[in-house]
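When the chains are written out, they are named A, B, C and D in that same order, and each has its own residue count from 1.
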Amino acid sequence: MLFLQLLANGLQVGAIYALTAAGFSLIFGSTKIFHFAHGATFAIAAYLFHFALAGLGLHWTFAVAVAALSAVVFGVLLDRLMYAPIQRHEGSFFTVFVASFGIGIVVQNLLGSVFGRGFMSVSTPLSNSIEVMPGLYLSPLNGLAVVVAIVCFVALHFFMTHTFIGKGLRALSENPELVRTFGLSPRRLSTYAFALGSLLVVPGAIFTAAGTGINPAVGHHVMLISLAATIVGGIGSLRGAACAGLLIGVAENLAMWKLGTQWSEAITFAILFFFIIFKPSGFFGRATVS
Amino acid sequence: MTAYILNLLVLISVYAILATTLNFIIGYAGIFSLAHAVFFGIGGYTAALVAMNVSPEFFVAVPAAMAAAAVTSLLLALPALRVRGEYFVAASLGLQVLAVTLFSEWKSFTGGIGGVIGIPAVELFGFPVYKPWQFLVMALICLAIIIAITRTLVHTSFGRSLKAIRDSESAALASGKNITVIKTFSVVLSSALAAVAGALYAFYMSFINVESFMLDTSVMVMAMVIIGGTATIVGPLLGAALLMLMPSALTYLTFLPQTEIGSIQQIVYGLAMVLLMIFRPGGIVSSHPGGGK
Amino acid sequence: MLRKTLSAIAFAAGLVSAASIQADDIEIGAVFPLSGPNATYGDIFMSGADLAARHINEDEMLSGNLNILYEDSQALPQQGVVAMNKLINVEGVPYVLSAFTGVSKAISTLAQRSETVAVNGGGVGPDLAELGEYFWNVIPLANNEVGALARYAVEDLGHKRFTLVYVDDPLGESILGELEKTLPELGAELVESHSIAASAQQFSSVAARVRSDNPDVVYVASYGSQQLQIVKQLRDNGVKAQIASYSAFSVPELQEQAEAQGALFTTQSIDWDSDDPVTKRFVDDYKAEHDKNPTSYIANYYNAVRVFGLLAQALEEQDKELTGANLLAQRKATETFELVGGEVSFQENGTLQAPIQVLEVDGSGSGKVVSVKAAE
Amino acid sequence: MSAEPVTARETANPAPGSGFTGSTDDQEVLLEINSLSKNFGGLQAISDVSLNLRAGIITTLVGPNGAGKTTLFNMITGHIQPSQGDVRWQGESLIGKAPWRIARKGIARTFQDLRLFTHMTVEENILTMMEPGSWLWQPGGKSRKARRYSKVSQIMDRTGLTAKRHTRALDLAYAERKFLSLARIMATDSRLWLLDEPASGLDPNSYNLFLQLLREEVKEGITVCIIEHNLDIVVNISDRIAFLDQGRLLADGEPETILNDPALAAIYFGER
């Protein structure tokens, strides 16, 4: 029974990881920008959701809108104001990474100064568990997270395969030159990638705010997981990132069967290590040629 | 006040050693490691263990620390260096997180979060070195030796091979360079020298715990290298000095609210990273302005 | 450009520090978490210490104005060492207030070497009693607290099965050790213990395991914002057992938390309604200033500063210098101190002895006393 | 791309070929490619190619874009492992060997995108090529070192880079970069050069210098294999031509034979 419970917990956590990782993977895959500040986007969305709901007393639909808007605006602003200038002068992979890391630090501390450094969580009756069968407790939030994740992935899949921008983004990850010859601007597509990728953190941010609570460093953990999931899933593969996010969430929780929570990050990175060494192309990654 | 300045200078020297050794692999070999603090930590813990159980002699504890870091880095570098750039960054990040977990959990070696307390003062040929200025001289000598080693290496054929690998791995391969061996050697050397910093740190603080060897430290050392200027000798030194002085300088600004100082410090440091990357990616001491890796 | 700005800052810093030291001030230091996730404790500790300094200055107990210099430890040992170094070497204070078990352990070596008194009023790890004679505790340590709670839960409430959720640091380990020792003596058992990382925030799996342990009492040994999450997620995930903890539960956030209502915790026993003048003045002035009841943490740091005031006053009367060594000698020479909560004395190892009370979280902000256990 | 150099040809190239005379079929086979194949995922990049590179002559690989020419180079130098087949260097199989081992056997190459050591000076770029197995310091002391430096100077003279010896590769002009890429492999003492589009985009003067260098080196006994679209090279300095299309070797022989085959010409010119 404990196993089922841990599996259920793992699925919920995994669904959140999967969404966030898909966002990172989308951005990294199509723009080659190592967007470490993705975690900052997550934190901003979570805090503004909390602020809109608890601070301003808005209806939850508005709060969700505030969170989504803030995530997208932040992502796009970073792309325009930070990454674009860096890339203009031979922005190497690492230059971008350092700048992104810097922004992550700034955001974390600004949030701490503005909203306080302690944990905050939205109190909602949805987080109260119900005993669905003896020994198995599920909260409405558990189910909601999984359902929302599935809906998001279906929508994302449709977007990537059926819309002009989605196709452009996929093409961008394959061959930027090709995109240019088709009359699409990689710069503009990059903005779309950031908007979409940032939007994908919103459900995770909201569920985290309502479930386990948030603190200014929440983005950091999420970022590490997203990074691991992106590589485990295969760089540039949304499907891979999603599966890997789910895998990591489940593995983290199942490991609790025998180990303390202090091992959970270690487990994630042990998985990452395993993949890097034995299968660097990830689950669904294309063969990488140097 | 002198004691305080000496204290800062010692810490700057220790971090300058870390920055110099990290610059050796980032700046010259193009290996971006986010796990430098791991070897700093291994050096620190090993030196502490040796000093407490065997001998606090500098020439016993420091070589032991270097050997421990060298062996560990060899074991880790061999598999990890087989993969390409982005993956190595991720692998090193993973290594850092794993190491922090191990440092916290392997309590017989590291004391966990509680750390190792009561590390004895280091001895040079039997004479204990504990006065701050003595310690500073010792740290500066270590720093000078390490700078000399890396500087010399960079100007040999080995250094050229490193730079060639950094600039184009495939072309270096096509010119007959065994890049795995060269990269591994540079990582092992850099880790062993970083362990010197760890040993000095442990002796100086006489207390170490896992919090000094977390990802934040790796990032800070990386920031020192990047902000100061990669592939230069002066850059990492300047970076170390700036980043170590900044928090201390900020605590003197009494008009800043006490409770916000920690945050302000972090914000300044994050912003500096962002602005430098946008306007001067080569760092403050850039050998070739405008360009830079 | 950055280089210029920073050097300008460094220069300005020199000027400011030179100006801020006034001749007649008597200064003591404090190493508190002022930023980071445990900053809320820093605020609480400061309010107690500041109130004591205000009273000392109003009474003109000392020749100069008593001033407390606060440094940020972020509740991290390394930051604590840096801050302690600054207080000792730059400011030259003889007496430093400390908090948190990890930080206290880290700075104790420095305190001993430089003969500076460090006084803890927040950390409760039992090994804090053995950090040398320059390290004092004005707080009863966790062994007393855990013992009192265990006795109440077993003897008065009849609970038998305990599960521990503890943060994996010196404090958590010492509580684990205490429970393992105390419970069997009382005829109860520690069914299971779950360690968690200091930075963990997701406890649904821990809750699942706690539930499957089926305990009567879940003892939560954590602090700061983490303990709020643990309590919330235990309750969210269907753990119905009695929750218990130590003095870390006396922070307002937890006292007001819905999920925490009914939880038991322990603190040093202080009779807030006492007619003792020191206690009464402390309680009245604190209420006047903050419009709420004080907690034991506030009283502890008030006492820590007050101990300095009393010792320094005695030293000044004897025309002795205010050094750490003299403060230590004076403390040993003083039998009892009039502090908040009554007359108390230090044990030989520098730790204060006080009775422990068991409280229940009832939403009043300070908890309802359900039992008082004498110190063992 | 080839229009300009072609006009310059007449003065630079009085007789076709590298200067080699006789039948190329009689030359010793230096490198033997046996039914080599490579798949990327489902894509067949090279299928069943067999080709011999003969000593002392210039062999040119021609074929439309995507024909698999660079992939073939990558498999010879070990940068890519073939799916099937064998590559033999003077009778010894190179399959499974690391690129640096193959390079040390005497096979040097340039890259289409040059891959210079961008942040190193011209001198360092050349010098480091002479130190493949270096372990901290080169053996041989001062005299060997002096000899290395004099060789570097000589190479820089021949490639017209002397004035730029302390310039970073990044800061060179386009033609200079191409020559540096050539200078790098001149320093290696290799017997076989694999040149990936070495002449593309060169101005007439540079192009002439390039041809001159190439002829000199072949005379010295270097064997060359060139990937080139430039018709001038194909026609005038090649001793043999190998024609690749869609991963298959369609023909291999002396230039007249290949160029006079109307079917090949149709593919070649049609595709271009």
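Keep in mind that, in the parts below, contacts are C-beta pairs under 8 Å (C-beta built on N, C-alpha and C of every residue); 3 or more make two chains touch, one makes a residue touch a chain.
Keep in mind the model is a prediction, meaning the values are calculated, not measured.
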Chain closest to the assembly centre - both centres taken as Cα means: B
Identity of the chain that, by mean CA position, is farthest from chain D: C
Distance from chain D to chain C - Cα centre to Cα centre, in angstrom: 75
Chain A and chain D: spacing of chain centres that average the CA atoms, whole Å: 47
Distance between chain centroids, defined by C-alpha means - chain B, chain C (Å): 35
Chain A and chain C: spacing of chain centres that average the CA atoms, whole Å: 38
Junction residues of chain B, two or more chains touched: 104-105, 170, 260, 262-263, 272, 291, 293
Shared interface positions of chain D, touching two or more other chains: 79
Multi-chain contact sites of chain A, meaning residues that touch two or more partners: 112, 262, 265, 290
Partner chain B, residues of chain A touching it in the complex: 34, 82, 85-86, 89-99, 101-106, 108-110, 112-113, 224, 227-228, 231, 235, 262-263, 265-266, 268-270, 272-273, 276-277, 280, 288, 290
Residues of chain C touching chain A in the complex: 35-37, 39-40, 168, 194-197, 199-206, 208-209, 211-212, 224-226, 228-229, 232-233, 236-238, 253, 258
Residue ranges of chain A in contact with chain C within the complex: 1-2, 5-6, 9, 12-13, 112, 117-119, 121, 123, 127-129, 131, 135, 137, 139, 212-213, 215, 217-218, 221, 253, 256-257, 260-262, 264-265
Residues of chain B that touch chain A when the two form their complex: 26, 32, 79-80, 82-87, 89-91, 93-95, 97-98, 101-102, 104-105, 169-170, 219, 222-223, 226, 260, 262-264, 266-267, 269-274, 277-278, 281, 290-293
Residue ranges of chain B in contact with chain D within the complex: 153, 156-158, 160-161, 163-164, 166-168, 170-179, 231, 288, 291, 293
